[in-house]
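Each in structure tokens, the structures are laid out below.
Each of the next two complexes has chain A plus one other chain: chain B in the first, chain C in the second.
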Partner chain A sequence: MKKNAMSLRDALIEALGADAAPNAGQYPASVPLFEAPKARFAEAAAVLKAREARLVAEWATDETPFGRGFGVWALYNAGDEYLTVKCGVPYDAPEFPSLTKTYLGAWRFERRMQSLMGVEPAGHPDTRPWIKHEDWPKDAFPLRKSFDGETYLQRVEGDYRWVRAEGEGVYEIPVGPVHAGIIEPGHFRFQAVGEDIINLEERLGYVHKGIEKRFESLSWTDGARLAGRVSGDTTVAHAMGYCQALEAAAGCAAPPRAQWIRALLLERERIANHIGDIGAISNDAAFTFLLYQTAILRERMLRTNKTLFGHRLTMDMVVPGGVAVDVSAGAASAIQDELASVSGEFERLVRICEDNPSLEDRVYGAGTLSAALAKEMGVVGLVARASGQNLDARVQYPTPPYADIIPAVPRLRSGDVHARVWVRVEEVRDSIRIIREILRYLPSGPLVTGCPAPRPGAMGISVVEGWRGEIIWWLQAGPKSEINRAMARDPSMVTWLALEQAIKGNIVPDFPLCNKSFNQSYSGNDL
Partner chain B sequence: MIYSISIECLQIAFVLGAAPLFVGWVRMLKCWAHGRASAGLLQPYRDIYKLFYKDVTIARNASWIFRAAPYITFGACVLAGGIIPVISTDLPLSLSADVIALVAVFAIARFFTALAGMDAGTAFGGMGSSREMMVASLAEPAMLMSVFTISLVAGSTTLSQMVHVSLSSPLVLRPSLAFALLAFALVAIAETGRIPVDNPATHLELTMIHEAMVLEYSGRHLALIEWAGEMKLFLFASLGVALFFPWGMAGVYNPLMLPVAFVSLAAKLAAIGAAIVLVETRLAKMRIFHVPEFLGIAFILATLGMLSFFMLE
Partner chain C sequence: MFRILHQIFRTGIVTEPLAPGEEARVTLTGRRLEEAILRRFRQSLTIRLVDAGSCNACELEIQAVNNPFYDAERFGIHFTASPRFADMLLVTGPVARNMEVALKRTYDAISEPKLVVAIGDCAYDAGAFGPGYATRRSVADVVPVDAFIHGCPPAPSAILAGILKAVGREG
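Coming up: the complex of A and B.
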């Protein structure tokens, strides 16, 4: 018990001794950075795993502008403590010890690093490319500095080796990447016996746009606009994440009023998306009535956004150093009125949803992600909370106003579709409360403060609870104070993997329902 | 004889023309129930018209079955439209084909649609065919049991004779018919692919039953399949009307009754459409493995109807 109470930082120093060298170049200082020798990188992971830490993200940097090779980074979290471990990797021998055997969640992070940066995870059981499809030339690593982002690449021939299942009555169902509905592209391959799914393999990357690479040719200010477009339905959260990381690296802080308005926009985004999702999940069980009713509610919120802020999804409202819009007294009362009517209507729909046994029959027990598996895979956000995990970045890593207005974290144990619907319902209710509190105590003051470019080599990190879950942004300034590397970790990057596990033992026609209850982003995953 | 043949032709033309209207009515009510603006009563006609003018795309490895299936399905539904007394009992086809033949005609349509689903070799087609066959194997016996109960009452399996008997006998409440009606309604939901068994409006390939089989179709082939599907819904509604509520239908050599027959049919179908929408708005689709239980209930109800005929009547 005493051992577990020890902080991650102390545990790491105790285990690695002088090999864990603190680096003060990453801000805020509350997220410490330790540099470890490459040989002890995996050991550090095991030490932190023993302290019940979760692998939050793993990424690679090309540090040739600093005259170094590659950097491999891992971000961990336990309770309210975040900690970064880095190891250097020589340019001519780009290989680092894989963390996959310690952390399941490292599986796709490392495949991504291998595909896009060309650093090899030694000991990784799966060396197939991820995100970068096989029609790319093998030696094209777009995140390396030596790769010119404007090069036109020739398509090459290649094969993707799918996981196979053989036996009496086993058949394969390939679904996508183009779907019948208007959704993003992604390929799902099922192995099924009759209607029972024995394996699902996802293949994503169809919406890879090279966003991370694109950042490196943008100014810090323009970066906020691109960050708001990582995933269109999460524009506020991603722009907030980028801006907070930039502000940390640059050593400036958004004024209090700006931070509160950011939270207001973030909670509005959460409500609109959750309400839309509840309808969409019902629609996948052919309960169309709720889809259209929730669509009306969501539309009402988007129209208020358009009237008050000039954009339906409130894109580009969060800017480095503050916000681009104010909430006037008139706007505040308009939001209060809208919330009153949305809240009343929402409660009516929740009752309809609860009172419908045919819908309940579909959502209970479908797509169960056990608490143990959710923890093991490092799942975040509403999916984690539906599987019994007490995770909410607004509570564990509070930025104003969440230190004053503490969100309630709904937590369910069953981990099925119903739990994920219900977490959304509770979060909508709580977000309405938070917005009301924000409007009541909104501090006055300026909206934006001047933000200098970060010093050369400075790094900034931020943690934001978007509506899907915890979003990480990590920025690194180059030698000329330009963007050297921008890393975005959408919740989808960890949670897509969990969907594969949650679906086992379900039947094929229940997949759309389970998938919609996760509703992960393709764009945010593929970048 | 000429009169009968002209009535027969009139009825087939009527079924062809009115089936999309009925579907348009159901869709319109559904839109209103959801609080949406509807595309209007005539949208199904526009859809069929549009599809007829679109090009047909056929998989390279598709065989003649794939090309023939839409025509066979459509033809079977037209034939069924001549067997079921929709507006009049004066149908020569109804005399030559009884209710068992009718079930067989629908089975032929289904058989070829299922074959065509597997023909192109896609995963969805095979999946849809297998599910359709699962539903069919349970729905068809339940349907026969339900209709046989009425045959017992009428002493015939010929549809026009059955309608004729219930038209000419005094109105008495028969428990056997109540059971048979319930069974028939459940079977009709499954046969026509409505919620809670199947969802005709879904875009989710993995959840489809009937739609999964016809995913590969396009252009005029799809138009025929859609039209046939609309006729099937119309015919099941009309069959329900003919078996359980035939009052107002034109009898033998009674052309003056025809206007009344049209009006009463329209009113009854409008009510059935409203009932469909009521059910579909209230219910989510059931898990596919609950469909056998659902059809099992239909079979038991039909059996109860038959038993109660022997015991009570």
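Coming up: the complex of A and C.
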């Protein structure tokens, strides 16, 4: 029998025995929750890692409204199994064992937890704040209940310690936070010898808006609108993630027709973003022609959205309990016509790409993320698939209609810019197929169902494959059935870290191209 | 190469006049537009964008004004990497605390006369994010604003029409 044939759940129970206490308050029940003593939290991580589990997310809760201290949570995945481990942390001794020795991906999760919740990861090698910049008061922990989220924080003096590389001929290039193009802000610091990048350090958090804190002052219904603005280019996927987690916690389900329409919008979002990215990456590889051509295709799709659904980016269409729009027979045939024309044009552009040797030269071998590193860092989505990882939440965690219409999950092994472009190309094709099937078999019935507020203490979790990759939402109801905690894990939170690794050994002028091929979200990371 | 030429031929010219139905919802503030600004902008308009905490959807729609449908260049509108050459500052987002200093610095780096146009509902009144510990109430709390373009996000046609309105030209 293979070592990892045992489920994560059984492995955890075997190792921790009665110290792994099941908690039935998290829904759906298919994602089990175990509470472990704090002293065995890191051991649980090591046990799961030995079973090939990936660390999906790690976060903290302030549970003083329940008369408890803090909660520290880790979500793991292997194959189609997701599992949560929680440990309680006393309020007056806010410290927990760091998972960084076992999981590289814990690095930034824990810096974020330390910065925003004030829980200390003991043994973490990097104690610098993350998201929270140096001019924040040291004792400002916005996610604590005692923190006033409505008052603008004053500024204090402070200093950020950059990683320094020393040696002959090493020089530093700081870039940002404001960049040259029409893009989001972030700071990159390169250390280079000649043109070769020997180190890149990212510093993000510039667009931190206190989104997670704000949820705690919203109604469950109003939360959907904010979820749709965590990362505007991913509005459908994030609104879906929020609504599915809410529906799980509340014990209701969107009607079948609504779930299929959500998937239709999700696949449209994937196509529009992938097509736009293919053009933008080509543009950074000095092939401007493609940028304009793909921009036309993208614009056509957004116009169809406006005509059929009333919003170019289909914001606010996914609502708790269902959807706010229907797909009439006329709309269905309009989408079929549009897809036929987009698909034809797209294939023509792909052939032009394949014909263009100068483009190929730039994209092969650039910004390589090895399969081993992608796995080690817990990277997800198209970046993971371009580095050989068999990861797609639509397959590993299928919600309707993906149990019936199974996505193709294209994979490449090379992990370079070319692979990331090519995974997008294949996914555009497959999403077109998925939409056609959705339209063919779209169930009839209501668009929305009434959902009660979750019971006090109930927790809901969801996994949605957005166009960048796996998105996690985790919601917890407080003692009055209010939102006690809303946690969003955008793919960017894990994948930004991988860009630092993939860029090493590339030349400085190739950074924009490599960065664009990852195209991670700043807003989705910074929250 | 042959395929490229063929594609250009197939695509033809897609630019279109700004549709009258897509008139921008714009708030012009009390800042007086100097004659000098109007004269200077008559030739061309160079824009610097600062994302001060947007959700990134406003950036998508600003990018779209450069696509062949809207083709902002035909109005002499160019985006620049350097604030020193900019005539206009476009700002998105409710002004995140961590972007406030960078926004002010960019504003200061643009030479007078200069126009500031704030794009999107959250730039107007913090929108979906609301004012809070990490967000201002409006871009106008940080830098003087000449015009707000409403929408979440505003459509590219509204952005283009709003920019033209802000400099006192008709779309």
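Here is the rule we go by: the second predicted complex is superposed on the first by the 524 of 527 C-alpha atoms of A that agree within 3 Å, B and C clash if a C-alpha of one lies under 4 Å from a C-alpha of the other, contacts with A are read in each partner's own complex, and residues count from 1 in each chain.
Just so it is clear, a contact is a pair of C-beta atoms (placed from the backbone, for glycine too) under 8 Å apart; a residue touches a chain by one contact, two chains touch by 3 or more.
Only a predicted model underlies this, so the values are computations on that prediction, with no experimental measurement involved.
Contacts of A:296 after superposition: both chain B and chain C are touched.
In the superposition on chain A, A:180 contacts both chain B and chain C. Here chain B and chain C are compared by how many residues of chain A each touches, and C touches more.
Touch criterion met: A:512 reaches chain B, while chain C stays clear of it. Of the two partner chains placed around the shared chain by superposition, neither chain B nor chain C is touched by A:436.
Applying the stated contact rule after C-alpha superposition, one finds that A:225 touches chain C and leaves chain B untouched.
By the touch criterion defined above, A:208 reaches chain C but does not reach chain B. In the superposition on chain A, contact of A:68 is made with neither chain B nor chain C. In the superposition on chain A, contact of A:147 is made with chain C only, not with chain B.
In the superposition on chain A, A:38 makes contact with neither chain B nor chain C. Residue overlap on chain A between its contacts with chain B in one complex and with chain C in the other: 180-181, 289, 292-293, 296. Contacts from chain A toward chain B in the complex involve residues 171-175, 179-181, 195, 282, 284-289, 292-293, 296, 356, 358-359, 361-362, 507-512. Across the complex, chain A meets chain C through its residues 133, 136, 140, 142, 147-153, 177-178, 180-185, 205-211, 213-214, 225-226, 229-233, 235, 276, 289, 292-293, 295-296, 298-299, 302, 306, 312-313, 315, 348-349, 351-352, 355, 521-523, 526. Taken together, the chain C residues at the contact with chain A in this complex read 3-4, 7-8, 10-11, 14, 49-64, 66-69, 79, 81, 93-94, 96-99, 102, 106, 122, 128-136, 152-153, 155. Contact residues on chain B toward chain A in their complex (touch as defined above): 30, 33-36, 123-124, 126-127, 195-196, 199, 201-207, 281-290.
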